[in-house]
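To keep things simple, chains are lettered A, B, C and D as they appear, and every chain counts its residues starting from 1.
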Amino acid sequence: MTLLEVKDLSVVYQTRKGFITALNNISFELNRGNTLGLVGESGCGKSTLGMALMRLLPGNASIIKGNLFFENQDLLKLTDDEIRQIRWKKISMIFQAAMNALNPVHRVADQIMEAITTHNSSLLRESAIKQTEKLFDLVNIPKRRMTEYPHQYSGGMKQRAVIAMALACRPSLIIADEPTTALDVILQSQILESIKLFQKKLNLAILFISHDIAVVADICHDICVMYAGELIEYGAKEKVLGAPVHPYTKTLISSYLTLIRDLRPLKPVQDSTTSHISNPDLCCFLNYCPNSEKICRNQKPVWVELAPDHRVFCLLANKIYNG
Amino acid sequence: MKTTTKLIVELDHIRKVYRSKQTFFRSDQKKIIALECLSMKIKRGEILGLVGESGSGKTTIGRLIVKLENPDTGKIYLDDKDISLLKRNSLKNFRSRLQMIFQDPYQSLNPQLSVFDTVVEPLIIHKIGDSTSRQKQVNQSLELVDLKPPADFLDSYPHQLSGGQRQRVAIARAIVLKPEFIVADEPTSMLDATVQLQIFDILLELKNKLNITILFITHSITAARYLCDRIAVIYRGHLMEQGPAQDVMTNPKHPYTKALIDAHPKFGYANKKQYKTLLKTQREPVNGECCPFFIRCEIAKMGVCDIKTPELKKKHNHHSVACFFS
Amino acid sequence: MELRKYLFRRLIEITIIFFVIMTILFLLFRLAPGDPVSRMVDPSMTPEDARHLISQLGLDQPLYQQYIIYLRNFFSGDFGVSFHYGTSVMGIIWDRLPNTAILFTTSIILSAFVGIFLGKIASWHKDKKIDTWLTLGALICHTLFLPWLALIMIWFFAYKIGWFPLNGILSPEIWIQTDACFFSKLIDVLHHLILPLATLFLIHFGSYLLIMRSSMLDTLKEDYITTARAKGLKEKIIRNHHAAPNAALPVVTSIALSLAFSINGGALTETVFSWPGIGRELVFAVSNNDYPLAQASFLLIAAVVLLSNFLVDILYAYLDPRIRY
Amino acid sequence: MVTNTSDSMAGALDMLPKKRQKISAFNEKWLIFKENFIGRAGLILLSLFALMALLSFIPPLIDPMYHPMTGVDPKISCSVGPSIHHWLGTDFIGRDILSQLLAGAKIAFMVGISSAFISIVLGTSIGMIAGYFGRYIDAILMRLADIIMVMPTLLVVLIFSSLFGQLNIWTIVLVIALFRWPGVSRVIRAQTLTLKQRPFIEAAKLAGASPIRIILRHIMPNVLPLSLLYMTFRVSSAIIIEAALAFLGFGDPSSVSWGMMLQWVWKTGHMFQAPYWLLPPGICISLITLSFYMVGRAMDEVLDPRLRKEDD
């Protein structure tokens, strides 16, 4: 059952130097209880997408096109009051920098309770406290630390508190924006384990945003690969990671170092952050693509469906797929 | 490249304690032990990977070696010479032999200086060559780090460059004096995965072409595996395991190393936990001497691990471990 | 416990600073060119009295002994006798202190509250009309030349419209009446208070507004504000409950740091409005070469600044849990 | 030390061909500044005041009776309102108010800029030294700053003038400067401390650079914009303090300043009768502080993203 459907979403930022396209025609779906991984390098627009879903884009960004269907209503058509009802109650977020996501002058438990009481104003204070206690139990933080302030928590504990807060209203969708990036490997694997656990227990849908393809591979069912504001490959994890087609996806996977595979991976392509956009109509990866052919320079790329659960945004997709 | 066995740097029972700064608001001092009686040897011409979590003291080792900080006790030798005795001229000479590459390329370049000014500065300070030969040396080092053609980059300012390019400029600055030893402190942790490999390749090239010894500090065990000849695993200021890279990766002895390897996401290979280490979190901390990993270790035994700190013992083939049960 | 330790340390620091200032002042008065005796001894005294005072202050003895006498006098609350009034300096100061305290503290507290409140509003409506007007108004108020503003206030509200008395702290005709009740006296003082208070208020609130506005704008960029938004909180709660408490912290600090500068304004206001406070007394003493009075008022003002800094430290600790725990 | 400075000179020479890029970076900043309404208004006001200061040399040339200090209109010996001969009227002994006003602009600029400059140079270097060297040097310098900071500058100058007699204008400038640096040095010190932790300073250290070189070549260029910003605020406060001092009757009697004009209005009891005399000096003082302040605020907005978030 489709919980979230993003259709042709485009977002631009207005800057001093003119308009910058942050997201270009993004479309994907997310089913209830599923995890969708959104992977891409820094600056590819993946965080913008997360904020756009919450309608929390900064003032200089605007959604110029597209629809966001959540539980069959278009989020973009809701009034500010209506979207406020949906935030956190239906869609909540785990932020990248947990240390900054908590307000330093309020107690941690109060901040979690605030989320509960805001969306359930009839709730008594005692039962809100009870619920908060349960959340602390769930994420394994001792109850005696409920009255403490964020600065008294360690990094991993803050991250767990943020997760507890995200679960506070039993949302159906959680957007996790690089939730483990700042953490050490061992801590990261613990947090990922617990996210997986909650997801099964609560039947959550998660949109997992990360730059680390291995983390995404670990936790997600489906994967979106983004590059320079565009979606370039989308499909089930086994397909996208097992048989990547888009040259960029291939590069991304090959540049990932594993513990088991050969020591020498493919020679990676050029430094990609210099300038992406030569011609907005052409393929965004054109300048760095090792496979590019003449057709790529003359024609817009198209979506090629290789399988029901595997789509690639590349003119040469079939050719590459068939060897 | 394990042809020479000559040592270049040796750390001898280094201890370093940080005192929390007496900030404006807090008067009590907290002691944070960064390194505890740590000894280590680095051989000429190798890349030694120092793997550890944040706060393990791995960066401190790098900073001590290049003399950005001084140890509380213990000695550091460069070619058998105690570096704590260096003063003025000999210190300046020392500076030209050891260099460092920092973690964050967005912070390690002066935003007010162009690429040329950044890279040429060490030459000016050490009064090497005249302006034409300096120009040439700068070009050479830029080419070495794959910023080609150098002329395109000389006049740029850091904010005009991408993260990967900045890190290359930082490497160019480090090698312009032709040092023998470079400390690379997590040089790629702020960079994208695709760029990361290019930086690694440059480091490998430095080792192979210029015969530079590199201490590669990282939190990523896979990066260490990719790049290093030897790996040393550090935990809370103690060396836990040390040995040839291949050995340590395929046949880890210490439970902590096993945990690190297990925690690493197994890309596309299901969720196999090779060593099935379940870290304990609820063990009571012990006052006084004990194994530093005692609180989190699954296989620790009361009466052994909580009364003594294990020594780093050689097992076989240059592979040594600090654990009673390995 | 942390907090108590910290405040104790601050107290010690403040005491040391005060001693240094005392010493500097002592040296200035004894070592400045000219005869130190003439600065300490009232020229209108009889020679015997003068000789007595000289030996009492130790002016005929070496410097360090003078310093010891100076310190001893200070701790016994003896600042000598004012040349102009001919009475004990201590008495004069005790008499003036409440007046200054009323004027200065009310103006600072009032302008801090209004400034912080309006700064919050302005930042919330950034780049809208209300923000532009508030910012512009604050800028102008902040840069108005205080004595001039005071003169204009007197000229307009006291002279042209006649709503308020020209200057002073009380109207003699009320105080002469023996049967005047306390309430009417109070009203009279308040009536006199309004103009100087308004002057100081206008000058201070502008700067507090500007600081609060920019601090608030910084705070609104923080991640926890985004979290609050994502939590679906009402905008008003985000502003008042999440942003403002954090944004007010730097404002508190900067109020403390600018306190000494604010004292300048206080002295000017007192002088123009003939408000019998310490600041006016200091200006008056300096014009009349009344050295004992000048010295004592300056010391007192320094002490007041230091003490209020200490109070602000306590307030800050109360507002910021990162210091409390 | 000497060799080091000559080295940085050589560095500066090496830099010459690249000047253009720096200038274009400056141009960019200038464009942002120009877009800022407050900054533009401030600059326009400032140039008007500068024009006033320049024009102040003219009135005495026309007729000695227009000399701001000594000139007295022989036909008038009391304060009268604006007329053809005296566009803004005269003061209580028949001196021309307009020429006094023009002369006041000159004094305001002189006092403001020179005292702000001295206190900025002091504050920046003390801040950098305290921040870079830390330890006891830092402790001593910052305690010194604390002590100076709790002394109200105006009252300090008052005490000085009571002890040393009438102060001349340059002494006033100097005393104001000496008592207004701690605020600057606190800011610069904080900035230096954050810079010091940045790896590019450590990289320079590893390259063998001496502390002097690090301060001059790596720290100073990065804190200079901030000092410049604080200079505009210090100009404002110096002008205000000098005016207040003159208003209380402790100004330099050999020159006319706006504060002194206000004092004359006030002390001679003309404030209720002669608004033409009361208004202009007050407006001028307020406006000139306002315009410096506006320029400062606009600069703040231009510089801020760089100072806080670095380059991007």
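FYI, a residue touches a chain if its C-beta (ideal position, glycine included) is under 8 Å from a C-beta of that chain, and two chains touch if they have at least 3 such contacts.
Here the structure is a predicted model, which is why all the values come from computation and not from measurement.
Under the touch definition stated at the top, chain A and chain D share these contacting partners: B, C. Annotation: C-D is the more contact-rich of the chain pairs A-B and C-D, by number of C-beta pairs in contact. Taking the mean of all protein Cα atoms as the centre, the chain whose own Cα mean lies nearest is D. Rounded to whole angstrom units, the spacing between the C-alpha centres of chain A and chain B is 32. Spacing of chain A relative to chain C, judged by their CA centroids, is 54 angstrom.
Distance between chain centres (mean CA atoms), chain C to chain D: 24 Å. Those residues of chain B that touch chain A in the shared complex are 53-54, 162-165, 192-198, 219-223, 225-226, 249, 259-269, 271, 279.
Remark: chain A residues 41-42, 184-186, 188-190, 192, 211-215, 217-218, 241-242, 251-252, 255-260, 263, 265, 268-269, 271-274 touch chain B in the complex. Note for the complex: chain C touches chain D at residues 13, 17, 20-21, 24-25, 28-29, 32-34, 39, 139-140, 142-149, 151-152, 154-155, 159, 257, 259-261, 263-264, 267-268, 271-272, 279, 282-283, 285-287, 289, 291, 294, 298, 301-302, 305-306, 309.
The residues of chain A lying in touch with chain C in their complex are 54, 56, 84-89, 92-93, 95, 97, 100-106, 114-115, 118-119, 148-149, 151-152, 165.
The touching residues of chain D, counted against chain C in their complex, run 38, 143, 146-147, 149-155, 158-159, 161-164, 183, 236-237, 240-241, 243-244, 247-250, 259, 262, 265-266, 271-272, 275, 278, 281-282, 285-286, 289-290, 293-294, 297.
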